[in-house]
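Same chain, two partners: chain A is paired with chain B first, then with chain C.
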Partner chain A sequence: MEAIKTMRHSVIENPCHACMPLGAILAFKGIQGAMVIIHGSQGCSTYMRRHISEHYNEPIDVASSSITEPGTIYGGSVHLKKGLDHLIQVYHPELIGILSTCLAETIGEDIARIAAEYTVERDMGAYPLVSVPTPGYGGGHSEGYFLAVRHIIARIARPVPKHHRINVIVPHLTPAEVREIKRIMDLMGVDYILCPDYSETLDSPFARPYQKIAGGGTSLQELAMMGGASATIEMSRCVETHLSPGRYLAGTFEVPLYNSPVPVGIEATDLFVNLLKELTGQPLPDVLQRERGRLLDGMIDSHKYNAEGRAVIFGDPDMVLAVSSICMENGIVPAVAASGVHSKALELEMQTLTAGRTDVATVTETDLAVIRDLAVKAEANIAIGHSDGRYLTEREGIPLVRLGFPIHDRVGGQRLVSVGYAGTMMLLDRITNCLLDSKLSAYRPRMLKKYYSEPSGKF
Partner chain B sequence: MLNHNTLDEILNKYPAKEKRNRKKHILIKNITQENQEIEANTRTIPGIISSRGCAFAGCKGVVLGPLKDVVNIVHGPIGCGYYAWLTRRNKGVSKAPMKNFLPYCVSTDMQESDIVFGGEKKLARTIDEVVQIFQPQAITISATCPVGLIGDDIQAVARSAREKYGINVTAYSCEGYKGVSQSAGHHIANNGLTEHVIGAGDMEEAPQKYTVNILGEYNIGGDGWVIKKMLEELGYHIQAVMTGDGSFEELSNAHVAELNLVQCHRSINYIASMLEVKYGTPWLKINFIGIRSTVEALRSLALYFGERELIERTEDYITRELARIEPQLLPYRRICAGKTAFCYVGGSRGHHYQGLYEELGIETILAGYVFAHRDDYEGRQVIPNIKSDSDSKNIPDLHVAPDENRFRLKLSPERAAELKDKIALSTYAGMIQDMKDGSVIVDDLNHFETEELIRILKPDIFSSGIKDKYVVQKMGIPSKQLHNYDYSGPYAGFEGALNFARDVAMSFASPTWNYIEPPWAHRPLLEGTLVKGDMENA
Partner chain C sequence: MKTDRGETLLKARTGFIRTKGERMPTQSCEADSVSGSVSQRACVYCGARVVLNPITDAVHLVHGPIGCASYTFDIRGSLSSGAELYRYSFSTDLKEQDIIFGGERKLAAAIDELVQKYHPPLVLVYSTCVAGVIGDDLEAVCRAAAQRHGIAVLPVESSGFAGNKSEGYRVACEVLMRLMEAGNSPLPAMEPGINYLGDYNLAGELWIIGGYLRRMGVKLNAAFTGDSSLKALQTAPAAAFNIVQCAGSMGYLAKRMQERYGIPFFHVSFLGLQDSADSLRLIASATGDEEVMARTEELIAEEAGQAEPFIQAYRDKLSGKKAAVYVGGGFKAISLIKQFRELGVEVVMIGTQTGRKEEYDEIHNLVEDGTVILDDANPAELERFMSRQGADLLVGGVKERPLAYKLGVAFIDHNHDRKHPLSGFEGAVHFAREVYHTVCSPVWKYVKQGG
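Let's look at the complex of A and B:
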C-alpha cells in the first residue's frame, strides 16, 4: 500500500471537508432540547445552517452573537451574553452549546470564561452552557463533531454509582443509521445510552404543532449517567485521542472503552454484535442471524460484478475506512482512499486493511483536485463519497455513489442506511448497481468494438 | 390581518429593549400615512436567529462569485471558501470551456500557524499556483475574518501579483465582521470593481447602437439569459452583465455602455451611481420579474433611446408575447386565485416578486428584505436622511470623478429632465409604495417572528430561502425558494413568468397536502356536556 504523505500545496482547489464548528453543531443537534450559539460573525452561523439544512432538509436553528467591527476591538463578550439572553428567552433550551470561530479565537475570546461569568451574573446555578473552542482553522467538521461530543459529556457526566448501561458514541452517521444501530441494540436487549442521538432531531416526522426545538436527542439525565456505565463503545477507529469522548470517560470515570469500527460491512458488524454479545451475555437473535445470512447471500450474488470495481473513496476518515473495508470484503479495490482532514489513524488502518496490496493509495489532508488526479491515475471506475465529488463525474466521467456528508444535490442523504447487516446490503447494492449501470449502458458497443469490429483477419 | 395589538403580543416575547428595536423594523402599511419610516441596515440582535450573512458572503458569494473567467481566491481558513462554493446556483457558460472557473473553489486554507505568523506569503504562493494551473486573465482575493485581524496586507499582495504577472489581480477586504450584513460586502465589491476592473478594457466607444449593461442580475436559474435574449431580439447590445454569467473581458469594457439597467438595486446601486459620475452613464431601475414589470421595463428602455422605430418594435414585441403567454397562464391562475403569500428575500426580490404574485391572483400580505437599506423600502429620496452610523462608516464610499478621456454626456440635461417624468431614471421608489393597505413589511425577519406571523396571518405560500424553507414546510405550508429557485427557473421575463406560475401552482396542487390532516380533523364539530336527566328522558 502506498501512503501519500503530503499532497498539499498552498492552494486548496475544491475542498473535501468543511470546518470545525459545522461538525460541532451536528453533535449538539443530538442532545435533547439543545440550542447552539456561534460566537463570531453572523455569516458563520448562516453559512452552516444553510449547508446543514440542504443535506438534512430540516430546519437548523443556530444563533449567532453577530460580532461587528467594534466587537473585534473591544471584545465580543457583550454580544455573546446578549445572544444567550435572547436565545434563552425565546427558545427555553435545556442546554446551550457555545462555539467559537476563527474570529473569536483570533481576537482571543475565552468562551469558557464568558460562559462562567454569564451563569454567575444571571444567577443561573448549574445551567448547562457547554463551550467548545472550534476555530475554523483548528480542523475539519469531523474533528469539530468529536470535540463537541467530548465537551458535552465532560460538562454533564457526573460520578454516579456504577450501573449496567452501555455508552455508545456514534460518529457522524445518518439519522436513519442511528435508528438502525438502536434497533440492533434493542434486538439484543442492550440497555444503552447513545450519544449524540440525532436520529429524531435531524430527521423529524411531519407533525402538528410545529416544535421550535425538534423532539428527541440524548437527555441530560442520560448524559449525567454516562460516567457510571459498565462500558463505552466508541464507533470510531480514526478519532484522535484528545478528541475522543470514550477516552475522556475512561480517563475520568474509568469506564472501559471498546473502540469498534463503524459497523459497515460484514466484518465490522460482526465485531459490533460480538462485542454486544460479550458485554451483555445475550445471544445473537434470530432476526439478525437471518439478516447476516441474507447479506452473505447477496455478497455471493454480487461478487462477480464487484470484482471489476476500482473505487475512489473520500470523505470523513471513519466513513472512508468503513467503505474501504466493505469494498475489500467483496472484491472491489479501494484504489484511492482520501480524507480532506489529516488522519494518521486512517493511514495506519488502511495499511492494515490492505496489507500486501500495491494498488491502493491512501491520502489524507488533501483536496478534490488531488483526489481527481489520483483517481485518474488509478483508473477508478466508481467514486463513493459526498456530493462535492460530483466533480469527478463531471470532469472524468467516474460515476458517484453518494454517501456521507454533505449530500446536497440529491434528496434522502439523511435516510441512507449503510450500517448493520441490512444496511451493508443496501450500500453494497448501490455500489454494485452503479457498476452495473456503467457496464450495461456500454458493454454491447464495447464488446462489438473489442471482439468484432477492430481486430481484422481473425474471422 | 395583523394589527398593532397582535404585533405587540409577538414582540412581548423579547426583552423591553429588543422589543423597541424590533418594532422599528416592522411596519403595517397605512395608506393614510405619508412617508412611513422603517429601520433597516442596522445591527442584527445577537441570539435572535436571523437569515443574514456576512460581508464576505456579499462580496465573494454574491457579486464576485458569478464572474466565470475570474479565479476567486478565498484567503482564509477552509470553511468560508467551502461554504461559498457555487452556492448561489448562478449559471455561466463560457466560449472557452477551459476558462470557466465557476465550478472551482480555491482557498488558501489558513492553518493556525498562518494565523500566528501571517498569511501573506501563503497567499502569494497561492496566486503563483493559480496562475500556473488556470492561467486566468483576472484573479480576485476575498478576505475572511482572521485576515484583517492579523493584519495581512492583501492589497499589497495583489499589487505585486499584478506587476509580476501583468494580469488583473484585485483584493477585497470583506472580512465577515464588516458592516451588519452581506450588504457591506456588496459595497466593497462595487468599489473594487469600479476602481480596478470597469474601464480596464481598451474600448473607447460602444461597439454598436443601443449598447447597455445589465447590473444586479446574477443569472440565478438562467434569468439573465432570458433577459439577454429578449433585449437582443429587440436590437439592444448587452455589453456586460453584472455579474451573472459575467466575464472579466466584458466587464472591463462596461464603461462604453449608453445606459445601465439596474435589476437588484441593493447590491449594485453603488456601481450604477459611480459609473454615472465617472462615465456619464445614466441608470434605469427596471424589474424583469413579472409580466407588467417586464412590459414597463421594455417600454422605459425604448423611451430612453427614444427612436420611433425602436418604440414600435418594442410594442409589437410586447403584443406578440402577451398574446402568446396570457392564455397559457389561465389554468395556473385558476389554481392560484385568492391565495396569499409572504415574500421575504434578500435585497430586491422581496419587492420584485410581488407583481408577479399579483398577476397570478396571489396577494402578498407580508414582505421584507434580509439586508436592504431604507431606500430599498422607502425610495431613494430618503438617502440624505439616513443617519450614518459606525457600521456604515466602516465601508468607505469611493469618491469618483469624471474620467478625463472617457466621460461622455449620454443625455442632455433637458432630455434627462424630460425623461425623469416618464421613467425611473437614476432613481428607485422602493417596496413600500407598491404594497397594499394593511400589509406587513418586516426588515430582517427572524425565525421566531416567522413562526408567529405564519400562525397569525396563515399565508398560503412562503417565499424565502433554504434556512426558513423547512420551518415553513414543517408547518404544512408550501414554500418557494426565491434565492436559488429550488433548482427551477428561469423566472424572469414572459417565459419566466410562465415557469413561475407553473411552479407555484404545482406547489398548491400537489396531492401531498391531501395526506396532511388539518388540525381540526379530530376535534368534534359540536361541543356540549351531557346534563343529568337527558338520558332518562331519552
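Let's look at the complex of A and C:
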C-alpha cells in the first residue's frame, strides 16, 4: 500500500467533512424526546440545521444560546440559561443536549458547570441535561457523534442488575439502515438496546398532528439499562478509544465489548451475524440464509463488470472502510480511500484490508481537492461518497455513487440501505450499474474510433 | 387541528408578532434573536458571504475552523459566464493550537498557497467568530499579502456574533467600496451605463434583466455582484445611476456610492409582471432618452403579452388560495405580496429574518386585515400561524421546507440555492408555474385523506 500519510498544506480546499457539533446533534436525534441547544453564535446552529435538513428532508429544530458581542466578553451563561428556559417551555423535552461550539470553548465557557448551576437554580432534580464539549475545531462530525453518544450513556446509564439484553451502538448510518439492523436482530431473536436510534426520528412518516419532536428514539429507561447489559456490540472499527461508548460501558460497568465492523459486504455481515449467533445461541434463520445466498448469486453475476472498477472512496472513516471492503470482495480496486478527519485506525485497517497491494492509497485529514488529484492520478473510474464530491464528476468525468452524509443534491439519502446481506446487494448493484452505465454509454463510439477504418485499396 | 397548549409562544417574542387590524404596539424588529427560540437566522459571515460570493474570480477564504467553510461550500445558485473560482470553499481550518497561538501565520501561508495555485486578482478573507475572538489582525495580514503578491487582498470583518445577517450585508458593502477605491486608476472614458445592485444572478436572473436592458438600449455597466469580476466592479464609479433591487443587502452600498461618487440611485423590483414593467419604465425615463422609452414600451408589450396568458391560466387554478411567506429580507417579502395578488392568492402570514422598520411598515400597509406579521420567527410560530391562518402554501428557504411538508402544506423555494429564475416576465411565469405545481399537486389528495 502506498503510504500517503496525512497530507497537510496550509489551507483546506473544499472540505470533506462537517464539524463536531453537527455529529453530536445527529446522536441526540436518536434519543427519545430529546432537544439540543448549541452554546455559541446563532449562525453555527442555523448552518447545521440547514445542512442536516437538506440531507434528511426533516425539520431539524435546534436551539442556540445566540451569544452576541457582549456575551463574548462577559460570558454567555445568561444566554444559555435563558435559552434553556425557552426551549423547555416550547418543546417540553425529556432530555436536553447542550453542545458547545468553537466560540464557546474559545471564550472559556464551561457548559457542564452552567448546566449544573441551572439544574440547581431551577430546582430540576435529576432532569437529564447532557453537556458535550464539541468545539468544531476539535474534530469532524463523526467524532462529535461518538462523543455525544458516549456522554449520553455516561449521564443516563445506571449500575442496574445484570440482564440478558445486548447493547448495540451504531455509527452514523441512514435511518433505513438502522431499521435494517433491527430487522436482522429481530429475525435472530436478539433482545437489544440500540443507541442512538434515529430510525424513526430522522425519517418520520407523514402523520397528523405534527409533533415538534418526532416520535421514536432510544428511551431514557433503555439508556439506564445499558449498564447491566450482557454485552455491547459497537459497530465501528475506527472510533477512537476516548470517544468510544462501548469502552465506557466496559470500563464503568464491565459490559463485555465486541467490536464489529459496519455490516456492509459479505464478510462484515457474516462477522455481525456470527457474533449474534454466538451471543444468543440462535442459528441463522432461513430468511437471512437465503438473503446471503442471493447476495452470493448477485456477486457472481456482476463480478466481471466489477473487475474493471477503480474506485475513489471518501467520507466518514467507518463508511470508507466499509465501502473499501465491499470493493475488495468484488474485485474493485479501492484506489483512493480518503477521509476528511484524522484517523489512524482507518489507515491501519486499510493496511490490513489491502495487504500486499501497491495500487491503493489511503489518506486521512484531507480535503476534496487532494482527493480529486489523487483520483485523477489513480485513474479512478468510479467515485463513492457524499454529494460534496460532485466535482469529481463535473470536472473529471468520474461518476459518483452517492453514499454517506451529506447527500443534498439527490433525494432519498436517508432511505439508502447498504447494510446486511440485502443492503450489501443493493449497494453493490448501484456500484455495478454505475460502472455499466459508463461502459455502455461510451463503448459504441469508442470501439468505432479504435477499430474501424474506411475500406481502401484494390482488393 | 392541533390543540395548542398555548405555551408555544414565548413572552419575549410577543412584540415581534402582530396581526393587522388588531390594536397592538408597533412591530419590534432589528433586534438580537431571543436565546433558545430556535431562530431561523444566520450570522454576519453568512450575510457577507451572500453578497460577496458571486464575485467569480475571487478566492473566498474563510479564516476560521472548518465548519463555517463546510456549510457554505458551493451552496448558492449564482451563475458565472467566466471564472468558476468562487464556487470553491477555502478554509484556514483553525485548530486548537492556532486558537492558543494565533492564526495569522497560518492565514498568510494559506493566502500564499492559494495565490500561487490560482493566480486570482482578488482574495477575500472572511473573519469568523473564532478569528474575531482570538484577535487575529486580518487587516495587517491582508495588507502584507497584497504587497507581496501585487493583487487585492481584503479582509471581510464578518465575525458571526457581531450582529446578524444584515450586519454582514453592511460589512460586505464596505468591502465593495474598498474594492472600488482600490481600482482608482483613472477610469477609461466610456459611455455612462448603469449599475445594477442587489442581484446575485441566481439561475441566470441577471442575464434575463441584462437582456431587457440591452433591448432597451441601456448599457449595463457593473452588476453587484452577480456574475461579476474584480475588473467589472471597479468600473462602477463611472456609472450614470444605480438601480437597486435587493435593498436589504445593497441599499447601504447605493447610499455610500451616492456620497462618494455622486451616483444617484432608485429602487427597482423584477419580481412579478407589474413590478417588472414599472421598474423598466422607471429606468427608461431616468435615461431621459425618448427612443429608449419607446423601445421599453415595445419590450413590455411583447414580454408581458407573452407572459399574461400563462399567468391568467394559473390564476384560474390558484385564485382564493392562501399563502404564508417567511423569507430573509423585507424587499422580497413586499414583492411577494404583490406577486401573489397577481395570481389571486392572498398572503395570510408574512415574516422576515431581518426586515427593517420601514419595510415592516410597508408590509403592514399592503396586507389585508387579519394577516399575521412576524419578525425573526421560529418553527413553533411558523407552525402555529400557518395552521391557524389556513395557509395552503409557504414560501421560504431550505430549513422551512420540511416543516411545510410535514404540515401537509405546499412550498415555494425562494432562496439563494434555487435553480430556476424568478426575475422578470419569464421569472413571473416560472413563479406562477411553481406555485401551481406545488399547490395543485395530486399528492395532497392522499394527504387530505389522512396521513
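FYI, the second predicted complex is superposed on the first by the 452 of 459 C-alpha atoms of A that agree within 3 Å, B and C clash if a C-alpha of one lies under 4 Å from a C-alpha of the other, contacts with A are read in each partner's own complex, and residues count from 1 in each chain.
Definition applied: a contact is a pair of C-beta atoms (placed from the backbone, for glycine too) under 8 Å apart; a residue touches a chain by one contact, two chains touch by 3 or more.
For clarity, every value in this text was computed on a predicted model and none was experimentally measured.
Undergrad: Following superposition onto chain A, is the placement of chain B relative to chain C best described as a clash or a fit?
TA: With chain A aligned, chain B runs into chain C, so clash.
Undergrad: Taking the superposition as given, does A:S236 touch the first partner, chain B, the second, chain C, both, or neither?
TA: It touches nothing on chain B or chain C.
Undergrad: For A:S77, select first, second, both or neither according to whether it touches chain B, chain C, the two together, or no partner.
TA: In the superposed model, A:S77 contacts neither chain B nor chain C.
Undergrad: Going by the overlay, flag which of 415-423, 469-477 or 523-531 in chain B ends up clashing with chain C.
TA: Once both complexes are placed on chain A, chain B clashes with chain C in 469-477.
Undergrad: List the residues of chain A that touch chain B in one complex and chain C in the other.
TA: Shared contact residues on chain A (touching chain B in one complex, chain C in the other): 9-15, 17-22, 37, 40-44, 46-51, 53-54, 57-69, 71-72, 79-80, 82-87, 89-90, 101-103, 106-107, 135-138, 140, 204, 206, 208-210, 212, 388.
Undergrad: In the complex of these two chains, what residues of chain C are touching chain A?
TA: Residues 1-2, 7-8, 10, 12, 32-46, 61, 64-73, 88-96, 98-99, 106, 109-110, 112-114, 129-130, 132-134, 160-164, 378-380, 383, 397-399, 401-403, 405-408, 447, 450-451.
Undergrad: Hey, which residues of chain B end up touching chain A in the complex?
TA: 13-15, 18, 43-57, 73, 76-85, 87, 103-112, 114-115, 122, 125-126, 128-130, 133, 144-146, 148-150, 175-182, 390-391, 394, 447-448, 451, 465-471, 474-476, 516, 519
Undergrad: Residue numbers of chain A touching chain B in their complex, please.
TA: So the residues of chain A in touch with chain B come to 9-15, 17-22, 37, 40-44, 46-51, 53-54, 57-72, 79-80, 82-87, 89-90, 101-103, 105-107, 135-138, 140, 204, 206, 208-210, 212, 388, 391, 394.
Undergrad: Could you list, by residue number, the parts of chain A that touch chain C in their complex?
TA: Residues 9-15, 17-22, 37, 40-44, 46-51, 53-54, 56-69, 71-72, 79-80, 82-87, 89-91, 101-103, 106-107, 135-138, 140, 204-210, 212, 369, 388.
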